[in-house]
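Order of writing sets the chain letters: A, B, C and D. Residues in each chain are counted from 1.
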Amino acid sequence: GCGSEQTAKEGSAGDGKGDAGKSDGLKVALILSGPANDQGWNATALEGLKKAEDEFGITSAYMENVDIADTEAAYRDYAAQGFDLIVGHGFQFGEPAAKVGKEFPDQYFMATESNSQGDNMASYVMSCEEGAYLMGMLCAGMTKTNTIGVVGGFEQPSITKELEAFKIAAKEVNPDVKVLEIYINSFVDASLGKEAAMSMIDQGADVLYHVANQAGTGVITAAQEKGLLCCGNSYDQNSIAPDSVMCSTVYNMPLVITTAVQQVMDHKFEGGVFYLGMADGVVDIAPFHDFEDKIPKELMDQVLAKKDAIISGEFEVPRIESVTK
Amino acid sequence: MTEILAVITTYLAASLRMATPLTLAGLGESCSEKSGVINIGLEAIMLSGSFCGFIVTFWTSNLFLGILAGIAGGILVSMLHAVLSIKCCADQNMIGLALNFLFLGLTSFLFLKAFGQTTVLPTCDTVNVIRIPLLSEIPVLGPVLFTQNIFVYIMFIAIGVFWFVFYKTDWGIQLTAVGEHPRAADTAGLNVFGIRYGACLINGIFGGMAGAYITLSQLGFFMENVTAGKGYMALVAVILGRRNPIGVLLAAMLIGFADALQFNLQTMGIAVPSQAFSMMPYVAAVIVLLFSVNHSSNPSALGIPYQRNKR
Amino acid sequence: MNSKWRSVLSFAGVGAACVGISAIFIILTGGNALRAFAGFFQGIVGSAYNLAEVLVKATPLILAGLGVSVAFKSGFTNIGAEGQLYMGAIASTFIAMYLPGLPAVVMIPLCMAGAFILGGLWAFIPGVLKAKFGISEVINTIMFNYIAINLLGVLVQTVLKDPNGYFPMSPTLPDASALPVLVRSTRLHAGIFIAIAGAVLIYLLIYKTTAGFRMRAVGVNRRACSCAGISAGRNLMLSALISGGMAGIAGFSEVAGLHHKLLEGISPDYGYLAIIVALLGRKHPVGVVAAAVGIAALQVGSLSMQRTANVPSSIASIIMGTLVVLILARKTIFRKLLGKEEGI
Amino acid sequence: MPLLTMRNIDKSFFGKFANQKVNLDVEAGEVHALLGENGAGKTTLMNILYGIYTKDAGEIYYDGQPVEFRSPKEAIAHKIGMVHQHFMLVPTLTVSQNITLGLREKGYPCSNRKQLNQKITQISSQYGLAIDPDAKVNTLSVGEQQRVEIMKLLYRDARLLILDEPTAVLTPQETKNFFRVLKKLREDGRSVILITHHIPEVMDIADQVTVLRDTRSIITAPITELTEEKLSEYMIGRQLKPIERPMDTAREGTGLEVRELKMIRKGVARLNGISFCIAPGEILGIAGVDGNGQKELVEAIMGIGKTPGGSVLLYGEEIKNLPIRSRIRRGLGYISDDRQQDELLMDMNLAENMLLKMYEDKTMNRHGIIHKKSLYAKTQAAIENYDIKTYSLEIPIRLLSGGNQQKLVLARELAGEPRALVVSQPTRGLDIGASEFIREQLLAGKKNGCSILLISADLEEILALSDRIAVIHGGRIMGIVPNTGEVDMTAVGLMMAGRDSMAEREEGEDADE
C-alpha cells in the first residue's frame, strides 16, 4: 500500500543495510504461536534468535502466544517498526507473511513449515520426518513386545509427516511390529499426553515416541514411570528422564534462523519454499548418552547407516502430510 | 476371564488417574457452591497449586513442603475470590474468569523469572506409590485402589469426610442454610460471611492439592498452562455429581473413562479425524447430564452475594 | 465534590493502580516500563492502522458480548459463546464454500443468517434442555464449546478442507462472501457496522419491546412470570437462541471480514472474553460496546507493548486480570472516597 | 427500669428517612404493640434492634446497658428473638433443623437429632404449638411455618420477642391460639414487641402501644388510655368509615363458575369436586382454615400448574384447558397471597411490575413496542390513587415496604378492569387505611359487574364484603350461606372444622384433626 511505503523506507533508511556483511542495526523479529518458554518447538526458535544476536550483533524482538487473528497485525507492526527480517514459526504464519510482505517490499518475511512464498517471502520447511524415521527404526528395533506407540499433537502436516515416517521406518526394521498412534489435539496438556502414553502402554507398547511439543513431555514421564523406553523430540530430551530417553530428534532451528539472517545480510535472501534436512544440518538426532551400550550394535549401525544415507541423499524419507490409517 | 478382568483393571486405573485432580478440586468446589459461592476460577486455583507445589519441591526437594505450598497456592486464589465475592459483592462469574486470566499470566511469568528462558525442562521428584498391604492383593480393586499415592488416599478419605459432614452433621445443615437462604441463616445467628469464607478456604485447600497432584504426582515438572482446562472439567464434575462427594467422584471417573476409551479407539486406527475422538469426554458429559432430568437443584443463593443491610 | 466526580476519581485510581502493578512486573522482567507504556498507547492510538486494530478486535467482542448479555438477562448462564462463535464460523464457511456463485448481496445475508441459525442452535439445545428438563446450562454450554472446537477440527480435515492444500483449513472463500474493508491498508472491515447495528437492535429488543421485557422478567422471577401467563421456558429458549445467534454472527464476521477462510484456533478466547465484556458492561448494549472496545484496546495495546518492550505475553494476561479484579473491588477499595454507597 | 429503650433512632435509605428520632420503651413482661401505616418504618426499627441494619444515629439500652448489635448473632446472644414479616426459614431443611439452626447443642457438630426433636416436642406441647419436627419446611402451610418461627424463639429461650405482623397469615382460630401463647409468654416474664395492623388484636392483648407515623414515633401510651377510634386516628390521621356493602341480592347470569373441580397432588386429593357459581357483580367469599385446598382452587381456576379434573367456566366458556395468558386476555384477574413469589419482579422497578400483567394492553403495546409514556402515566396514577409510598417509579420494588408492594399488585390487577377476579388475602399486611381502600375498590369492581372470588383468612373481611359465603374444608365446599347480616357464625365455624352444619354429618376422617 502507499501508506506503508513511507514507513518502510524510514525503517530501512537508518540501518544502513546496504553494506553487505555488516550487520549493524539489522533488526530481526520472531513470532511464536505458543509460549516461548515451552522447552521445545518455540524455545528452540528463540534460541536461534538469540544466537543470531550473539553471532551477528543484530537487534532482535519476539512475540509469543500470538493467535491466528493477531498474526497479520504482528507482521505488519514489526514491518512498520523497520524490522528487516520477520520470522513466523509455524505453518499458520505463511499466508499473513506473504500478504504483508507484498506491502513492505524492502523487508524480508519468513515462515517455517508453510508453503507460501513471495518475492521477499520464503518458507523454510524442516524435514523433521528424517529424524522421525530414525526414531521409528530405533523404537521398532528395541521393542520386546512388538508394540510401539507414538503420540501426536495436532493433525497438521508438520506433525503428521513425522508420524507417518515413524510408522514406515518401524515396519522396515520389524515388519511384524504394531504401531499405535494417538493424536491428543493439544500441544500443552502434558497430563493428556501422559494418559495417551499410558493407554498405549496398557495395550502392550514398550517403546514410545512423541511429536507433541510440551504435551509430549508427558509421554516421556509415562515411559519413565513404567520403566520403559522412549525417544524425545525437538531437542535432546535425555535430561528429563536419562533412564528412558534413548535418543531424540533435534531440530536445529538456530541454524535456520542464522542462515536466514546471513542471507539477508548477504543480500541473498530469496522468496520460495526451501526444505532443510539432515544434509543441511538442520535436522539431527541427539547423542545416545547411556544408551550407547544398551542399544544392540546391529541396530545402532543400521540406524547410523540410514542417517548417512539420508545425509548423502541416497535415501529419501517419504514426506506424507496427511494421516494414513 | 482374566483378560476381561485385566481390561477392567486398566480402564478403572486410567479413569481414576484422570479423575483424581478433578475429584479433589470438585470436592472443594462442592463445598464452596453449597455455601452459595460459585468459583469459575477453579482453573486458577489449580494452576496456582501446581506452580507453588512444583517450585517449592524444586527448591527444597521436599515433597511434603511442596504439597503444603500447593495448598497454600490454592488458598491464595480462593481467598482472593472469597474477598471479592463476599466482601466486595462482585459478580462471581466475572471474578472467576478474571482470576483465570491473572493466574495464567502470573504463574507463567514467575516460572520464567525463576528459570529463565531455557530449553532444559526443570524437573522435580514425584510422590511415591504406597502399597497398602493385604488390601492391595484384592483382585481388580486391589491394584487400582490400594496401590496409589498419597493424593489418591487423601481423596478417598476426603470423600468420606465430606459426605459425612454434608449429610450427617450440623455443619452440613449450616452450609445448606447459608447457600439456600443466607438471610434466614443470618437471622438464626449463623455467621454467613464466616461460613462462606470457610467454605472458600476448603475450596482453596483441595483445589491447590488438585493442582499439586498434576505437578507432583502426574508430571514432575511445571509448564505454562499445565492444567489446560482441568478446572473447567472439575466444575463439570461438580454439577454432574450434584455436589455430592460420591457423585463428584463418579462424574470425574466418567470423564476419565471417556478419555481412556477415546485413546483406545484411536489406537484401533479408524480413519476418522482424531478430533472426533477428542470430543468424546465432552459428549459423554452431555449425555450423562440428560439422565439428570429435573434433578439439578442449585442452592437458591448460588452466586448471589449476601448483604445484610440490603432488602 | 459530587458523586459522579468521586466515581470518575475512583476509576482513575483503579487505572493508576493497574499501571503501577504492571510497571512492577515489567521492571521485574528487566524491561523499560516507560518504553512499554509508550508502546502500549502507541499500539492503540499510534496510527490509523492501530486504531483500526482495536475496532477489529472489538467487533467479535461486541457481537458475542451482546449475545451473552441477552442470555444472562433471562437467567440463562451462557458460558458457551466460544462454541457458538465457532459454529457461526462453520456455517458461513459452509455456505460460502458450497454456493460459490452467489452475488455478494445474497451471499453475505445468507452467510449471516446461516451463522445466526447454527450459532443460535448451539445455544438453543442447552436452552431446551434447561427449559424443558431443568438440566444445568452451565455444563452444557462449556461442553458445547469443546465439542464445537473439535467439530471444526474434524470439518477442516474433511468436508471443509481445501482440496488443493494439505493444511487443515478451508480454501479461501469467494470474494462475494467477504465483508468490504472500510479503510485501505487496515484490516477494519464492515463487521464493525454489523456489531453496532447489533447493539442498537439488541437495545431496542431488550428495553423497548414486550418480547424483551418478557425475557428480562423471566430472568427475575420465573414463578411470577408463569402466574402472569408468560412461559418461562419459551422465553428462556428464545433468549438462548438470540444469544447464540449473536455469537454466531461474531464467528461470521471473523471469517468474512478477517480470515476469508476457516481454520483452527479462529477465536483467541473471544467467547470467554465476551462474558467479561457482558458483565463489565452490565449487560447493557451501550456498556457492552464500551467494555468491548476497552478490552480490545487493552489487548491490542498489550500486544504492541510486547513488540516494543520485549516483555513476555504473560504480562498481558496479568494486566487484564488485574484490571478486572480492581474494577470489581473498586467500591470497597475506595469506600471512603465514594462515601456510603447507595443501598449498602 | 425498662428492659429496652431506644432513643432518637435515625435511619435513612437513599437519603430518605425510614426512621426519624424514634423512641421506644419496652418493660419486662409486657406485650408492646408497635403500630403504624405501611412504610412508617416499623420493620426498619426492628431490624435495627435485631442487628440487621445499622442505625445512623441514636442509642439503644438493653437491660440498662448501652448496646449496639452488629449482627443478629449478637442480638440472639442477648436473648432477643425476631419473627420476620417474611419468614426466615430454609425451605429445604426440616422443621427441627430450622429450629436448631445456629445453635451449639450438646454433641455439636454431630448433635443427636432425636434428642433435639424430643426437646422441641416438649416445648411445643407446653405452648400448644403442634408441629412435626421431621417435616420439610417447604411442605408446610404458612400457619405451620409461623409456628416454626415462634418455636425458634422459644427454643432459644428469648426474653424479648419481636413479632413482625405474625397474625397477618393466621386464621382466626390460629390467631386465638397464638394469643394464648403470647399470654403464656407474658406470664413467664418475657416481653413481646408485636407489630400488627389489626386494632382489635391490639386492644385484646397489648399492654402498651407505640405508634409510628411518617417515620416518627408519635405516641406511647398504655392500652387502658386508648380506644379503637383513637388508635386509628393516631395511625392514619382520621376515623375509619364503616364499609357499606350494597345488599342487592338478586343477580342474573353466571360469571365465574367451577364444576366438580378435582385435583390430586403428590397422591393426595387436594380438591374433591368443588362446584360453585358466581354471578357478575357478586362476591363469593371462601372461608376456611389455610391449607384446605384454597391454593389449589385458585391455581386450578388460573391454570397455574397441573390441569384439574372438572370444568372452569368464564361467562359460560370452558377455560380449563386454556393457557394462563388466554384466561387473562378473557378478563380473568388474579391476586395471589404470596406476592413476592407469584406477583412481583422484585428486582425490577414499579413501572415494569405494572407492565407484567398488562403488556398486551393496546395502550401499552404498539406492534410489540412498549409505550413508555402511557405505562408511566398508569403507574403514576396507581401510585397516587393507592397512596403507594415510594421515591420514584423507577426504583426496584424490592425497596418498598411490604404493604406498599401489595398495593401495587392490587392497583395493577384492578386497573385491568377484569370481568372476573380471584383474590387471595387481598389485605394481608395492609394497614387499616389501605385495607379500607382496597375493600372499597373490590366493592367498586363488583359494582362494575365483576365476579369476584374472595379468599381470606380474615372472617371479618369475608363478612364485610361477600354476598355469599362458602366454607371450604378438605378440598370440599361444606356449604354456602348467603351473607344476610345474620350469619350463623357457629355453623360457619363448625363447617370450617369439617363438620357439616346441616343434618347430614360427615363422619370419621375429617373430624379427627
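Everything below uses one rule, namely that contacts are C-beta pairs under 8 Å (C-beta built on N, C-alpha and C of every residue); 3 or more make two chains touch, one makes a residue touch a chain.
As the structure is a computational prediction, the values presented were derived from the model and not from experiment.
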item: Comparison of A-C and A-B by number of C-beta pairs in contact, larger one; value: A-B
item: Euclidean distance of C-alpha centroids - subunit A vs subunit C, Å; value: 34
item: Mean-CA-position distance for subunit D and subunit A (Å); value: 75
item: Cα-centroid distance, subunit A relative to subunit B, in whole angstrom; value: 35
item: Separation of mean Cα positions, subunit D and subunit C [Å, integer]; value: 47
item: Shared-contact residues (touching 2 or more other chains) in subunit B; value: 108, 112, 224, 273-275, 278, 309
item: Residue list for subunit C, restricted to those that touch at least two other chains; value: 150, 153, 157, 312, 343
item: Per-residue multi-chain contacts in subunit A, two or more chains; value: 35-37, 155, 185
item: Chain-chain contacts as defined at top; value: A-B, A-C, B-C, B-D, C-D
item: Residues of subunit D that touch subunit B when the two form their complex; value: 50, 52-54, 71-73, 76-77, 82, 84, 87-93, 97-98, 100-103, 108-111, 152, 398-399
item: Residue ranges of subunit B in contact with subunit D within the complex; value: 168-171, 173-174, 176-177, 180-181, 183-191, 308-309, 311
item: Touch list for subunit C against partner subunit B, complex; value: 25, 28-29, 77, 79, 129, 133-136, 138-140, 142-144, 146-147, 150-154, 157-158, 272, 275-276, 279-280, 312, 314-322, 324-325, 328-329, 331-332, 343-344
item: For the subunit B and subunit C complex, residues of the former touching the latter; value: 40, 80, 83-84, 87-88, 90-91, 93-95, 97-106, 108-109, 112-113, 224, 232, 235-236, 239-240, 272-276, 278-279, 282-283, 285-286, 289-290, 292-296, 298, 307, 309-310
item: Residues of subunit A touching subunit B in the complex; value: 35-40, 43-44, 46-47, 50, 149, 152, 155, 180-186, 188-192, 194-196, 198-200, 202-203, 214, 217-218, 221, 225, 235, 237, 239-240, 323, 325
